[in-house]
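Here it is: the structure, laid out below.
The letters A, B, C, D, E and F name the chains in turn, as written, and every chain counts its residues from 1.
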Amino acid sequence: MRVDGRQARQLRNIHIDTEYLKHPEGSVLITVGDTKVICTASIEERVPPFMRGEGKGWVSAEYAMLPRATESRNIRESSKGKVSGRTMEIQRLIGRALRAVVDLEALGERTIWIDCDVIQADGGTRTASITGAFVATAFALAKLQDEKKLPQFPLKDYLAATSVGVVKEKGVILDLNYIEDSSALVDMNVIMTGSGEFVELQGTGEESTFSMKELQELLAAAEKGIVELFELQKNALGEIANRLNL
Amino acid sequence: MRVDGRQARQLRNIHIDTEYLKHPEGSVLITVGDTKVICTASIEERVPPFMRGEGKGWVSAEYAMLPRATESRNIRESSKGKVSGRTMEIQRLIGRALRAVVDLEALGERTIWIDCDVIQADGGTRTASITGAFVATAFALAKLQDEKKLPQFPLKDYLAATSVGVVKEKGVILDLNYIEDSSALVDMNVIMTGSGEFVELQGTGEESTFSMKELQELLAAAEKGIVELFELQKNALGEIANRLNL
Amino acid sequence: MRVDGRQARQLRNIHIDTEYLKHPEGSVLITVGDTKVICTASIEERVPPFMRGEGKGWVSAEYAMLPRATESRNIRESSKGKVSGRTMEIQRLIGRALRAVVDLEALGERTIWIDCDVIQADGGTRTASITGAFVATAFALAKLQDEKKLPQFPLKDYLAATSVGVVKEKGVILDLNYIEDSSALVDMNVIMTGSGEFVELQGTGEESTFSMKELQELLAAAEKGIVELFELQKNALGEIANRLNL
Amino acid sequence: MRVDGRQARQLRNIHIDTEYLKHPEGSVLITVGDTKVICTASIEERVPPFMRGEGKGWVSAEYAMLPRATESRNIRESSKGKVSGRTMEIQRLIGRALRAVVDLEALGERTIWIDCDVIQADGGTRTASITGAFVATAFALAKLQDEKKLPQFPLKDYLAATSVGVVKEKGVILDLNYIEDSSALVDMNVIMTGSGEFVELQGTGEESTFSMKELQELLAAAEKGIVELFELQKNALGEIANRLNL
Amino acid sequence: MRVDGRQARQLRNIHIDTEYLKHPEGSVLITVGDTKVICTASIEERVPPFMRGEGKGWVSAEYAMLPRATESRNIRESSKGKVSGRTMEIQRLIGRALRAVVDLEALGERTIWIDCDVIQADGGTRTASITGAFVATAFALAKLQDEKKLPQFPLKDYLAATSVGVVKEKGVILDLNYIEDSSALVDMNVIMTGSGEFVELQGTGEESTFSMKELQELLAAAEKGIVELFELQKNALGEIANRLNL
Amino acid sequence: MRVDGRQARQLRNIHIDTEYLKHPEGSVLITVGDTKVICTASIEERVPPFMRGEGKGWVSAEYAMLPRATESRNIRESSKGKVSGRTMEIQRLIGRALRAVVDLEALGERTIWIDCDVIQADGGTRTASITGAFVATAFALAKLQDEKKLPQFPLKDYLAATSVGVVKEKGVILDLNYIEDSSALVDMNVIMTGSGEFVELQGTGEESTFSMKELQELLAAAEKGIVELFELQKNALGEIANRLNL
C-alpha cells in the first residue's frame, strides 16, 4: 500500500476539463491527484525563422510553475531573469513529444504554441503537461479545421505520458506523487502513442542504478497507465476523437 | 447601455473562491466578469535586508499573466529575461496598497509575499488583484494567528480597488472591461479602505485630459463600486471578518 | 514654516536654462531648489514598430540619475544590468504626460525621445523632469518647424507638473524637497495642461491613507504651483511661446 | 556498411589522453572518431549552499563547445548572455551520471567540478564527455587520496556512455557520428556502470516513434559498446584502476 | 591650421569647475573645448571583497555618456542591459590611472568611487575624465583629511591625460576633437604624473601603423600638453595643492 | 636569471601547430611555454550591419578561457551571463590588430571571425592569441584564394605580438610568464608588423609608473622578440608565406 492508499500500478484520480479558458484556441485544466496544470494551445500563422519556406509547421512548448504551486514559495523565473535548466529540459521534452504525433506537413506553415502552467504541484507535472497538452492541441486543431484552414486533421495518433519509479521496499510503482518521487531510487518518464510505440523514454537512477529486469517492469507499468490515459483523453475529446487519423 | 449590457455604475459579476490552492497560507481565485486572477499570500519568516532588525514586517507583491490570458499570446517575461515596466508598476502598486492596511508592527519580522497570476484577462486585472490579494492575506494572517504566532490580528481595515473611466458619449463608467478600457479617454484606478479613505489614486488621460468636475464624478463612481466589493470580501472572509481591528 | 523657510504653498526657486547642450534638438537644465535635471528632446525620423504606417508620431521617455545625484552613491542601472521598477514607472509617466500635449498626427511619423538625467536630486525629480522636458520638446519642435518639416506646430498646450503632500502637523504643502518627501504621509504628483485640465494624478498614502477633503486641498495647492510653472515656461520659450496652438 | 565504413555495432576509434593539462587535478582529451572533448575535474573544498553541513560531497558539471567545433560557427553562449536549453540538458546529465558512481559520503564536503569542452564535434559529444569525465574524475580523486585527504577511494564503479540509434534501411547502429545522428529516426543515449546496471537512458523518436523490440536491440548494441569503453578506461587509468571499490 | 583654428600642439580651452555638485565628497565639471564631463569622487568606508583585511584602500571608476552627449542619440546601456566593451575599457583605464597616484596604504580600508559622466562629447572624453577625476579625488581626500580620518594626505603626485594623434597631411597633433579623431591614422592616449613619468600609454594604428619616429613625436606633444594640464589642475586645487606629497 | 632559467630578453619555447582542427577554414594551436591557445579563423560571407554595402570586409575577434586554463577554476562567462571587462578589452585588441594587416578592400564583403580559446594559461595569452590568429587567418585566406574567391591575397604584412615588462631588481624582461607578470612594475604589450611598424602599444604601470628611458628599453626588447616570432610564423605558413603582399 502506498502513502495515499493506492495500489502499486494504480493511477491517481485524473480529470481533464476542456475549453477551460476563453482566449486560447485550445485549453485544458488537467488534474492528476493534487497536481493541476493549465495547458493551452495557441495557433500562430507563421513558423520560426529556421523553418521558413519549407511548407511545414512547428510545435513549441513552454512550461512554468506559479511561485506557490509548491510547498514553499519559488522565486519567479522572470524575476531571476533566466529560465532554469529544469524548466528548459521540460519544455524541450513537451515540444518534442507533441511533434511526434502532429503531422507537420498537414499543419502547414503554422506554429502551435503549447503553454503548460502548473498551478499546483504534487509530482508528475511534466507528464501531466504532455497528457493535457495533447488534448488542448486537438481542440485547437479542430477549431482550425472548422475554419476550413486545413487539408486534413493533422494529428496522427494519441499521445500520453506518465511516470514510473522504483521505491525502496515497494519496488515498481506507477504515477508517483511528490513524496514518492523524492525517495525513489529510479525515476522514469514514459511517453507513448495510441498505437503502443515509444516517443520518449527518460530513466534516471538518482544516485543509484537499475537493471534490465527493473527496466522491463517499469515499462510494463507505464504502458498499463498510459492505456488508461488514452481512455480519459478520448472522453475529453468527444466528437474530435473521430477526426484522428488512426 | 454598455457593450455587455451593464449600467454605467454597475460592477461586473464578481466571485471570490477562497482556499483555492493546497500549498499557500492564503489563496483566492477572484473572478471579475471574464477577468480571473489567482491571488496567493505566502508567509516568510524573515524580512528583506533593508528592514532587518527593525521589529517590523513587510509586504511584497508580484504580478504576472499567463501567456494566453489575453486575446493574442504574449511572450513570457521569463523567456524575455526581464520584467516589463507595466508589470513592475503593477506589482509595486499592489505591495504599496496592502502595506496601507497591514499593521507591520503587529506582523513582526515577517514578509507576506503576494502573488497575483492572471489566468484570464478582460480589463481591471490590477484592481482585481488588489481586491483578491486582500482576502488571501486575511486568510494567511488568520492561519498565523491560529498558530499563536501573532500578538494581535495585523489587519487594520478592509482594502479594495476598482477602475473607473470616461468613455466618449457615455461619460463616467465603473469597472471597465478590456474593450471599454481600450477606448477610454480617461482611466483611473482607485484603492480605498473600509473607512472610506483613499490609499492610492492613479488617473491618466490617455492622449487626453480631464477636468476637476470629471474627477469628482469618477471618484463618486469608484466609491460606489468599492463599497460593494467590501460586502463581497466580508462574505468571503466568513469568521475571519470578525478579527479585523475596526 | 518649512525646513527651508518656505510657506506651505510656495514653490522652490526654479530656473530653466535653455539650449543647454550642443547636440540635441532641444535641451534644458531645469533647477528646482537643489534638484537639477538635464532634459533633452531628440527627433528620430521613424516610429517604433507597433506604430508604423499609421501616419502618426510617438513620444518615448527615459529617466536616469547620476550615481552621486543623491546623498549616498547609487549603483548604476547599467552595471546592475537592469532598470529598476522606480525608473520604469517614472519614464512611462514622463512619456504619457508629453503625449497628452503633443499633436501626434501633426508630428508625422517621427519619435521624440525625451531623456531626463538627474544630476542632483533633492525631491521632485519626476515632476521637474516633466516641466523641463516640455520646454526641451518645444525647442526641438521649433527647430523642426524652422526646417519646414511640419505642417503646423504640434504642441497643443502647456504642460507642467509638481508634487504636493500631507506632512504631519503641517498639513498640505507644495513642491516637497527630499526631507519633506521622506516624512510625508501622503504624496501626490499632479500634471496639468495650460487650460487647467489634469493629465495625470498619482496620489499615494505611504503606509497611510487620505480623505476626500485632503484630496481637494492637495489639488488646489498643486494647481497654484503649476500656474506659476507655466509662467516660467513661457519666459523660457521666448518667441516659441507664440507658436503653441492655444 | 556505414558512411565511414564501420559495422553496425562497431565503435569509432577512441583514445583517452590523460594528464592533458597542467593546472586541473584531473584532465583528459578524449577522441571518439572526429569528436574531441577536453574533460577536466577540479576539486573545490566546499559544497553548494543547499548541501552544507551534511558531511557529503557533490558533483557539478558544465559543458560547452568552442564556436568552431562545428561545421559552421556557433555564437558563443557568453556573447549571447545565456546558456541554451541543449547545453543545460547536457550538463545536468553529466553531473547526474557522475553522481551515480561517486561515493558522496566518502568524498566529504567537497565539490568535484567537471568541465567538458568540445573542441571538435562529430556527434556523440555528450556521451564522450561522460566517458572522459569519468577518467578525469578518477585522476583527481587519486591525487586527493595521495594527499591523504580521503578515508577511502570514493569511486564505486566504472561509468561510460555511448549513443545508439535507428537509421532508415540500416536498423540499429552503435556510436553515431554527426551525419548518422542527423538522419536517425530514433536516438538513444545509454549510460552504464561497470557492473552492467543502467544509470540513465534517454531515448527519443525524432518526429518518429519506436517499438519495444527496437528498444531491446538498441540496449543490446549499447551494452556491447560500453563494455569496450570500460576496457579503454581501465587502460587509461593505469595503477588507479586498482583503487576502485569493486 | 586645424579645423578649429588651433596650432598642431595646442590644447583646446579647458576649464575645471570645482565643487560642482552638492552631495559628492568631490565633484568637478571639466570642459575641454566642447567636451564636458562631470567627475565625482565618493568615499565608501569599505573595500571590495578581494581587498578585505589587507589594510589598504582601492579606487574604482565608472564611466558613462548621456544618450544625447553625441551627435546622434545613443541607446542607454541600462536599457540594453549591458555595458559595452568601449565603456568597460575606459572605466578600467580610469581606475588604473588613479591607483597609480593614490597612496592606497595611507587611504586605509576605503574605496574611492570615481564616476565620470559625459554630458557633451567632442573627442577626448576618457582623457578629460582622468584629468577631472584627479581633481575631484583631491577634493574628496581633502575633506576626509579635514575630518581627521587620514594619517597623511594620500595623493603621491599630480595625474593628467591627453590624446595625441597622427593625421594625414598634418602629422602629429595634440588634444584631438571628434572630427580629428575620426580621421586620425594613429591615436594615442597618454597619462603622466607630475614628475614626468608615464602611468599608461595606449597607442593604436586605426587600420594603420606607426613608426618609432612618430612615436617619439607623439610622446613629446603629449608631454607638452600634460604639463599645461598640471598648471590648470594646480589652480583648481587652490589650497589643496599644498597637501600633495611631492 | 629568471624563474624558468631564461635570459632577460629570451622568448619561451614556441610552437605553432597548423591545421589543428577539422572544421575551421584556418586553425592553429600556439604554445608559448605553458600557455596554449587554440586560434581559429572562420570566413562568413557577409559583414556586420554597420559595414554593409561598402564593398569592404571586416575582422571580428572573440577570446575566452576554459574554466581550468588557470591555477584555480574560473566561473564560465556563459554561466555568469556576461563577458568581463578584461575579455572585452582583449577581444577588441585582437580584432583591431588583425585589421591593421588585412586588406579589407581586397577581402570583399566578408567577415573573418577570429576565435582565441585559451586551454592553458601561463601569462601572455593575449599576445599569443594575436601571433597565432595571424597564422590561422593566413590559412583561411589561402583557402579562400584557392577557391578563386579573391582578386588578390588580402594580407599586407606579418603581424605578431609579445609582452615586455619591468621587474624589480631584474629590469626589463621579454615574454613574461604568469609569475613574472604578477610581480611586474610595468607591463607592456607590443604588436608590430613585419616591416617594423607599431600596430598597438599598451603600457601600464601597475600601481607604479615608468620613465622615457624605460620605455625605450621595453620597446627594444619587444622588437627583438617579435622579429623571432615572424621567423616562426613564416615556417608555420610554408608555401602560403609566398602569397603575402610584401
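Here is the rule we use: contacts are C-beta pairs under 8 Å (C-beta built on N, C-alpha and C of every residue); 3 or more make two chains touch, one makes a residue touch a chain.
Fair warning: this is a prediction, and the values are worked out from it, not measured in the lab.
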{"item": "Fewest touching-chain hops separating subunit B from subunit D", "value": "2"}
{"item": "Numbering shared by both copies at the subunit F-subunit D contact, with half separating same from different", "value": "same"}
{"item": "Between subunit A and its twin subunit E, rotation from the CA superposition, multiple of 5 degrees", "value": "180"}
{"item": "Euclidean distance of C-alpha centroids - subunit B vs subunit C, Å", "value": "28"}
{"item": "Separation of subunit C from subunit F, taking each centre as the mean of its C-alpha atoms, in whole Å", "value": "51"}
{"item": "Mean-CA-position distance for subunit D and subunit C (Å)", "value": "60"}
{"item": "Of all residues in subunit E, the ones touching two or more other chains", "value": "81-82"}
{"item": "Chains listed in ring sequence, where subunit D comes first and subunit F follows it", "value": "D, F, E, C, B, A"}
{"item": "Parts of subunit C lying in touch with subunit B, wherever the complex brings them together", "value": "82-86, 88-89, 91-92, 96, 99-100, 104, 188, 193, 195-212, 215, 219"}
{"item": "Sites on subunit C touched by subunit E in the complex", "value": "21-24, 27, 34, 38, 40, 42, 44, 62, 64, 66-71, 73, 76-83, 87, 113, 115, 117, 119-122"}
